[in-house]
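For reference, chains read A, B, C and D in written order, and residue numbers begin at 1 within each chain.
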């Protein structure tokens, strides 16, 4: 299947958008020095990965996976279950990360990576 | 399936929100936008038939996470520093990673394809048999609580770990901890003046007792 | 505080409904979307609302740290304990079918109990995390 | 009850953690932790013996058969790693009491043990599970508790180290989830054995190739493979001594285990690992890590940081063995995984004793310490000699195996690089020995007692094990070769 054929088909289009979103989050994490913003980036990164999973579980013409009379086609329930777990893991990580940010702010008086690095360098030179 | 208009609109909203988050420096705005990002994705989950996931994302991503972030900002300040110099390395890493992922999509089954391998194997048993094997009409509940109940136990353990972790890090009150920090600093200052080291102090303490 | 009379009244009226809705979500997860996790979060949000309006000191009286700690651990123990009971009754870990004579009833019971465990820990964790973030939480 | 041991060894520490948080009294909680960790070690040993005698154990959780439910699958490889993790977990827990009292505020002791048990649960669960997504859940349990444990360090840099580890660790875990998602997309299953069966049909697709790349990068972050090791040095340096000893000996090792599991078992039915250049890239990075990290270690003044860099280098040796794609290479990597866990545990435990008495692990404060704390430093020297790879120690066994494997693969330049990089280890270990034994005790130095027995016994236990397994290699090398053979054999 050639690239051009694919480009003409919307069958992969939403995956590409999801990849863009993932990379936007990833970019925030690795390019920003503010500790809160890094965690915001991680959240975007993770939510976008969840979207990838949920998109792959969608079945054309399917409905939500709740058994009911007269429905024959359901979307795949397994990605939903996995992502439920992953969302919880994500919020747990966020909570812990923010708790660390609060402590870092107390100890260093800043939440900017560059300033923290300067302070740590000073401490190291003093040792 | 051809993407319908709702999908496209929601995805476009997500992209706009993500770009705004990258560009904005006011952290309050960024956090609120993250809440919006999370809510829009919840709507998208509903549209993709993942109602349980949408419910959780709305409650957790848009609710709890936002509240926690606002709580953090109240303690730390809300303006992000402007970047003194821009480095091309993160952008290169991200472009490379993104390119790899896009490369990987070309052999993927198409979106919504009912013949994709993912719909042919394990999931079928859940759809066909969970009613008679487990009971609940909500297949997600059956899988979550019974077939993959161990994952959910792990998930509860993760929540427990986070609770215990936050308690460990912050569970002693900012005031008392700050006071202790200050006392430590003062003690260290005195120690420096006395030219003692910690082993000395310990010995002195032991003698005191 | 005195000027907050509208939020105070509204939250007073809302809180029972939030709790009721949480219970509905908790026990209705079999039939529609929902379950222990969502219920725990909603249940916690009622307490967070209470803490926002009436202040941390009052909220701490409603739910002291020791109670939160015990609930936090209890949920995990309920969940894993259900699995161990299944083991003692001859199945593998987390087999609910052996809990009662009829496997389907056993599954039903097992799922309800573990969802309760999930709800308990999630509720306690969310409230703990919020309380700890929001105030000078003396342990 | 015997048939339930595979699950009980994970569930018991998991259930003990909430009990700890409810009990709260530091002494009780410590007692419970010691009891539970040794019980877990006992159970693991029973399981290992069972696996060696009767072959792979499958345990279906909830009695749901394999690809539909989650199954534990314990083969020789996982048994081997379970044994290391539970042994280190029990030894370090026994050692912890005095060190924790010294380094962690008293009101948080019960939380320390809670997190310790959770971390142990996560690592054991990762090793025992046969389900790739369940592995992610346990990975996060061990990671989140690990971040908390590191942040308990008394230096404020522990907080930033923990935060950086959290960010990089979460990126790593998210990469793992992406890779797993792509794999799941193409096969429809999450069970590792089932994946291994189904992957050969779709392995030629670009999606699977990208999936392998993401799994590799994500796990490399967790393994701390050079140059993705940046979180490791500060995390090990500023974490409490007990935490460093535990994590250095187990956390990265379990991540290496997962990597082996993915490359040789899940992708075992294909030759994509060897053919697509993944092995070559890992080999290059492993060798670079062996040298660069060792050289950086020489210039460290903080001994914990020195050993942390040395860990990065030693991970290079393990990964070098894995990247050789042969039975002898893989078994050399596995043996070194076990041996390095013992060595680093002994060294960090000894440094914990030093810190207890001296309040510092800076090399400048340690002049003449060998005469003042002879037992502690004796254990340190044994560990150091093992790290270098002196004959009759475990380090020698694994490096010898690794050289043989490299020769066997006709990579003699690589084989020669192994002793060469060990020479750098001689330099940094010698620096410590020189200061500790040959320099006079400064007149101004405080009088220092030997560490208490409760810490010395575990330290010496591990140090002696590092000698014993250097002489009697039947258990470690034998099982490692068996495990490697069944992995490689199953793959062809």
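Everything below uses one rule, namely that contacts are C-beta pairs under 8 Å (C-beta built on N, C-alpha and C of every residue); 3 or more make two chains touch, one makes a residue touch a chain.
Small disclaimer: the values here were computed from a predicted structure and weren't measured.
Visitor: Going by the contact definition above, tell me which chain pair has the most C-beta pairs touching.
Guide: A-B
Visitor: Could you please state the distance in Å, as a whole number, between where the Cα atoms of chain A are centred and where those of chain B are centred?
Guide: Comparing mean C-alpha positions, chain B is 7 Å from chain A.
Visitor: Using mean CA coordinates as chain centres, what's the chain A-chain D distance in Å?
Guide: The computed centroid separation for chain A versus chain D comes out at 28 Å.
Visitor: Report the inter-chain centroid distance for chain B and chain C in whole angstrom, where each centroid is the mean of the CA atoms.
Guide: Those two chain centres are 21 Å apart.
Visitor: Cα centroid separation between chain C and chain D, in whole Å?
Guide: 36
Visitor: Could you say which residues in chain A touch two or more other chains, in rising order?
Guide: In chain A, residues 22, 26, 30, 39, 56, 64, 66, 78-79, 82, 84-85, 88-89, 92-93, 95-96, 98-103, 107 touch at least two other chains, as defined above.
Visitor: Could you list which residues of chain D touch at least two other chains?
Guide: Residues 14, 17-18, 21, 61-62, 107, 133, 137, 140, 144, 147-148, 151, 178, 184-185, 190.
Visitor: Note the residues in chain C that touch 2 or more other chains, in rising order.
Guide: If we look for residues of chain C contacting two or more partner chains, we find 31-33, 37, 69, 72-73, 75-76, 80, 83, 93-94, 96, 122, 129, 132-133, 139.
Visitor: Considering only which chains touch which, label the overall pattern as line, ring, star, complete or other.
Guide: Topology of the interface graph: complete, with all chain pairs in contact.
Visitor: Contact residues on chain B for chain A in the complex?
Guide: 1-3, 7, 11, 14-15, 18-19, 21-22, 27, 30-31, 34, 37-38, 41, 44-45, 48-53, 56-57, 60-61, 64-65, 68-69, 71-73, 75-77, 80-81, 83-84, 87, 90-91, 93-95, 97-98, 101-102, 105-114, 116, 118-119, 122-123, 126-127, 130-131, 137-140, 143-144, 148, 151-152, 154-155, 158-159, 161-162, 165-166, 169-170, 174, 177-178, 181
Visitor: In the complex of these two chains, what residues of chain D are touching chain B?
Guide: 14, 17-18, 21, 61-62, 64, 67-70, 105, 107-108, 111-112, 114-115, 118, 121, 125, 131, 133-134, 137-138, 140-141, 144-145, 147-148, 151-152, 178, 182, 184-191, 198, 202, 205-211, 213-214, 357-360, 365, 446-448
Visitor: Give the list of chain A residues in touch with chain C in this complex.
Guide: 64, 66, 84, 88, 95, 98-99, 102
Visitor: Touching chain A in the complex: which residues of chain C?
Guide: Touch residues, chain C against chain A: 31-33, 37, 122, 129, 132-133.
Visitor: In their complex, what parts of chain C are in touch with chain D?
Guide: My answer: residues 69-70, 72-77, 80-81, 83-84, 86-87, 91-97, 139.
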